[in-house]
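In what comes next, chain A is part of two complexes: it sits with chain B in the first one and with chain C in the second one.
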Partner chain A sequence: MSRRGRLFVFVAGALGISALFVWGFSGLPDFGVQPSVYGEQLSERAVDERHATNVVAATTFDYRGLDTMIEEFILFSAVIGILLLLRAQRDEEEDAPHDMAESRRPLPTSDAVRVFGLGLIGPTILFGTYVVAHGHLTPGGGFQGGVVLASGLLLVYLAGEFLSFERLAPEKLMEATEAVAAWTYVAVGLAGLVAGGLFLTNFLPLGRIGDVFSAGMIPLINVAVALEVAAAFVLLSDEFLEQAVLVRKRDRS
Partner chain B sequence: MGLLQIIILVLVALSATSVVLTRDPLPQSMAASFYGLLLGILFFIFQAPDVALSQIVVGAVALPLMILLALAKTRGRAE
Partner chain C sequence: MTELPALAVAVPLAGAAALVGGTLLKRRRLIDAVAVAVAAGVTVICALLLVESTRGPIVYWFGGWEPDNGLALGISFAIDPIGAGLALLAAGLATAALVFSWRYFDAIGGLYHVLLLVFLAGMVGFTLTGDLFNMFVFFELMGVSAFALTGYKVEESEPLQGALNFGVTNVIGAFLILTGLALLYGRTGVLNLAQLGAALQGTEADGLVVVAFVLLVAGFFIKSAMVPFHFWLADAYAVAPAPVCVLLSAVMSELGIYAIARVYWSVFEGALGGQAPGIRVVIVGIGVVTALIAAVMCFLQRRLKRILAFATMSHAGLFVVGVGLLTPAGLGGTAVYVVADALVKATLFLAIGILLHRYGSGDEYHLHGRGRELPWAGLLFVIGGLGLAGLPPLGTSLGKSLIQQEAALLGYSWMPAVFMVASAVTGAAVLRAAGRIFLGRGTRDDSVRTEDEDEETETSGGEGRTPLVMVVPAALFALLSFAPGLIPAFEHSTTEAAHRFQDRQAYQSAVLQGVSPPLPALVEQSSSPLKGLVSGVVSGVLAIGLALAALSWGRLPLALRRAASPLARVLSGLRNLHSGHIGDYVAWLTAGLAALGGMFALALR
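What follows is the complex of A and B.
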């Protein structure tokens, strides 16, 4: 296509999209205005009804718990897809685990990275655990805490070797953790169905507002989601790392 | 809208533009990571700390990590 033609197509498309944008944005509610009553209702009731001071957690893991469960299974199936896609193919083979092929061995990890990485592993895991355990009290929860926990494990790779990372978080164990944790969510929901008559009924004792052990099943689901997400992210990075570090085309090795 | 909110909105717009204008994937992943962090701060300033946490862990850590690993893989093959 000629330069003129391309410019014409671009200008036509840009004009069309900007028209749609202006049209769409002109219908938005004013800044800071909350048009739905749903949010207000939840902020008013959640603390009394669920004893959870983090209304966001009460919403995502209780009032709208089914949504979150399906979201969890989106991540679950995405990871299964990656595992299938990145498995060792017929024309590839996995080298004995060592970091990088000799031909492109990168600079050795600097001492500074090692020291900071090693020093950060403990605090990161602790912080991740805190974010998970206090998900129903303060901002945070299973998803955020799970990713923090996974990055704590990834620091082992950054500060050390791929091998120690694999030994600490073996693929089989991570796969099992991911599956069991994902189905724990469903099991809690089914338990609610049996105990309260509805799927995901918050049937556990609610406890005192502000306690770590309160808000019924919300912390339980938080822990399940955290394990699922942490295992999913470790598996993802593990799979990508294996691709980048271990798998070589046979003719190149 | 408060001053802080305006500042962070401008910063996010600037860093988003810089992500688009960076053409080399390696620096681009760093720019995207910085953009993810700024977006997290934006959510925090707009009083959505839960979303801010998710944004920081995914946008500033997980996504750039995946890009870096994919780059390591494809560049190794190209050699």
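What follows is the complex of A and C.
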């Protein structure tokens, strides 16, 4: 199709969809009206039943724990898919990193970036750990904390260089971490079975409301998810950096 | 036994995560063995679930969160024979695909196996779940793993292009589903399918309900590749490795149709059921258009995988007709047809894999006459081609005739003609290719050079002999494809399952109250096996005739060939629409969604 033809078909369709959306969305409850019986029920129950003050965490990791397990595996398989698609091919070889523009002197990382980067690594990791550990109490949890942890590792790349980043977080280790973390979630589910409940039934003591060690299995799942997410993001960055930095297609001629 | 529903998903996922360890160890045979064992285990679990579900629905509340006063708190699997049957089909085909892969790829890491098991878990969960949001999550899991598997051959640009088109269109589908789901949640505040059905029951079908229905149907139509949402399919199926194609073509396309049936009868029927005739016209119409367009496109292809891709689409159109009739008999017939057709397509894709493995080509002109040394593979192709055409006693003929009869009862007296054309033309395309490859009939046609001619393949080709692990699964599927037509109990139990599938009240009370009312006695419909037999034979003969005509095209009378030339112009226009350009595809998708919305708005006024 020509560019114009494509645009015409798209715009005609988009206009139709807009009309459709206006028609559909005008049927939603008015602003401020909250008819969700389900949401209300869970908000009322979560603290008593789960000893989790973060209702969102109780919902995603306990009442609807299966959804989150599958979401974890979506991330898992996305990363595995990236590893599969970006695997080194037969006609490619990995070069030692070097600047492609030979005549240009590479700019060294500035001292300011280096100092701030290195200085931020510790606090970032600490903050990430905090977000993960308190996921059942305050907003946060494994997904958010995992990303913070991964960015802590990426600061190493920013402040130092690619190779020290790879040495600190080698691909194989990250792959293994990712797999173990994904597996842990399923194992927690199976532990519920073994303890006499159903899959993903809580099998740990609920503890005192507000404690770090409370809310049963939720903190444990949070840690698993955090490892999964952190490893996934490090692997993703690593793969893309590798494509840019290391792999060059061998000259075919 | 009571834990089977959870294990059906937990086992493949745990297996996939554990296999990553295998890839780090680089033990190829160990990875193969574990993957096959896991898939076989899932097959057994699904078979047990199927048997148990015939005695009544199985409801499993994850985390033990049973409904409180009829309000669902957690996520449930709600398993009936149709869902469990599809899960069994997926698991069985995945097992066979993994066995086939044992010797198929030259250099393959364990990541392929990991993704295949995740894909399987996604399909199984999708068929078993009783929660709309959970359904969406499994839909995504299925998608993400399938995109990567499609792009497996990264050495070439085509697979990446195909995977990209697949990915972009299907992610748009997921957005549509999520939006539809959000609308329903905004209105009712619940996510469980049964609960949604109870909330919508007897309410007025206003804009919100209609638009939510349109969005969900469109999202699932993208997955099942209905016109005009279909463009991605041929690009993706033509480049995915043959064993992956088995799963894509024989199960994944069908799951989109299953999902439409599931949400219609569990959620929407209470609000929209009054206007069933209008809905029927729209859905059946889309099915018919898809079946015919895809059949024509199928006949125009020369690459075997593309032939089968369009055959998959065409037959998916026929399934949509069967489901769209919105009656138990239509759904039951579709279930029979889906199973029989899956076995036929699996046979054919594996047979193509065997040719690719041996000759490194999947192009019918390239392979001209070269298959003479493989008569048994030719037999697989012939069975497959006749299976697509629906010749008795192959199981497909039964499924087809059940849908046709029901359609005729509902006033679509011309429907048998549509079924005959779609099945005969798709069958003929396969038979034509078989005649050229295995008998050396027809022209070699070296003059026609297309850019996709030098197709590289996933295997190096040039293998002297075909390993047994590749022959056995293909032959097994070929044999099994006779079974649905020859086991009389099969038809009866699918009809029964279809009745139960559509009983919204029984579904609700099983899920929300935990009581399953006894099944009402089934009224046996007087089906006329003779009529089905005749139409099956006719489409089989038609397929053979068409294939012969295509093979001896050059020797046909000149007048006839001249008369066909205006047709050629129309066909090349149709071909050009399938441009491979993702922008085109998204434009058509946008227009298609608007058109679908318009049609449903008119039908449900």
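Things worth noting here:
Basically, the second predicted complex is superposed on the first by the 228 of 253 C-alpha atoms of A that agree within 3 Å, B and C clash if a C-alpha of one lies under 4 Å from a C-alpha of the other, contacts with A are read in each partner's own complex, and residues count from 1 in each chain.
Convention: a residue touches a chain if its C-beta (ideal position, glycine included) is under 8 Å from a C-beta of that chain, and two chains touch if they have at least 3 such contacts.
What you see is a predicted model, and the numbers here were worked out from it, not measured in a lab.
Using the contact criterion defined above for the overlaid structures, shared-chain residue A:V194 touches neither chain B nor chain C, since it reaches no partner. Looking at the shared chain after the overlay, A:L126 reaches neither chain B nor chain C.
Of the two partner chains placed around the shared chain by superposition, chain B is the only one that A:G141 touches, whereas chain C remains out of contact.
Once the two complexes are overlaid on the shared chain, A:L241 sits against chain B while remaining clear of chain C. Touch counts on chain A: comparing chain C and chain B, the chain ahead is C.
Shared contact residues of chain A, touching chain B in one structure and chain C in the other, are absent. Residues 31-32, 54, 56-57, 101, 103-104, 131, 139-141, 143-144, 147-148, 151, 154, 233, 236-237, 240-241, 243-244, 249 of chain A touch chain B in their complex. Within the complex, the chain C residues that touch chain A are 3, 6-7, 10, 13-14, 16-18, 20-21, 23-24, 60-65, 68, 71-75, 107, 109, 111-112, 114-115, 118, 121-122, 125, 133-134, 137-138, 140-141, 144-145, 147-149, 151-152, 154-155, 160, 163, 183, 185-191, 206-212, 214-215, 577, 579, 581, 583-584, 586-595, 597-598, 601. Within the complex, the chain A residues that touch chain C are 1, 6-7, 9-10, 12-17, 19-21, 23-29, 35-42, 45, 62-67, 69-71, 73-74, 76-78, 80-87, 89-91, 172, 175-176, 178-180, 182-183, 186-187, 189-190, 192-193, 197-202.
Contacts from chain B toward chain A in the complex involve residues 1, 49-50, 52-54, 57-58, 61-62, 65-66, 69-70, 72-73, 76-77, 79.
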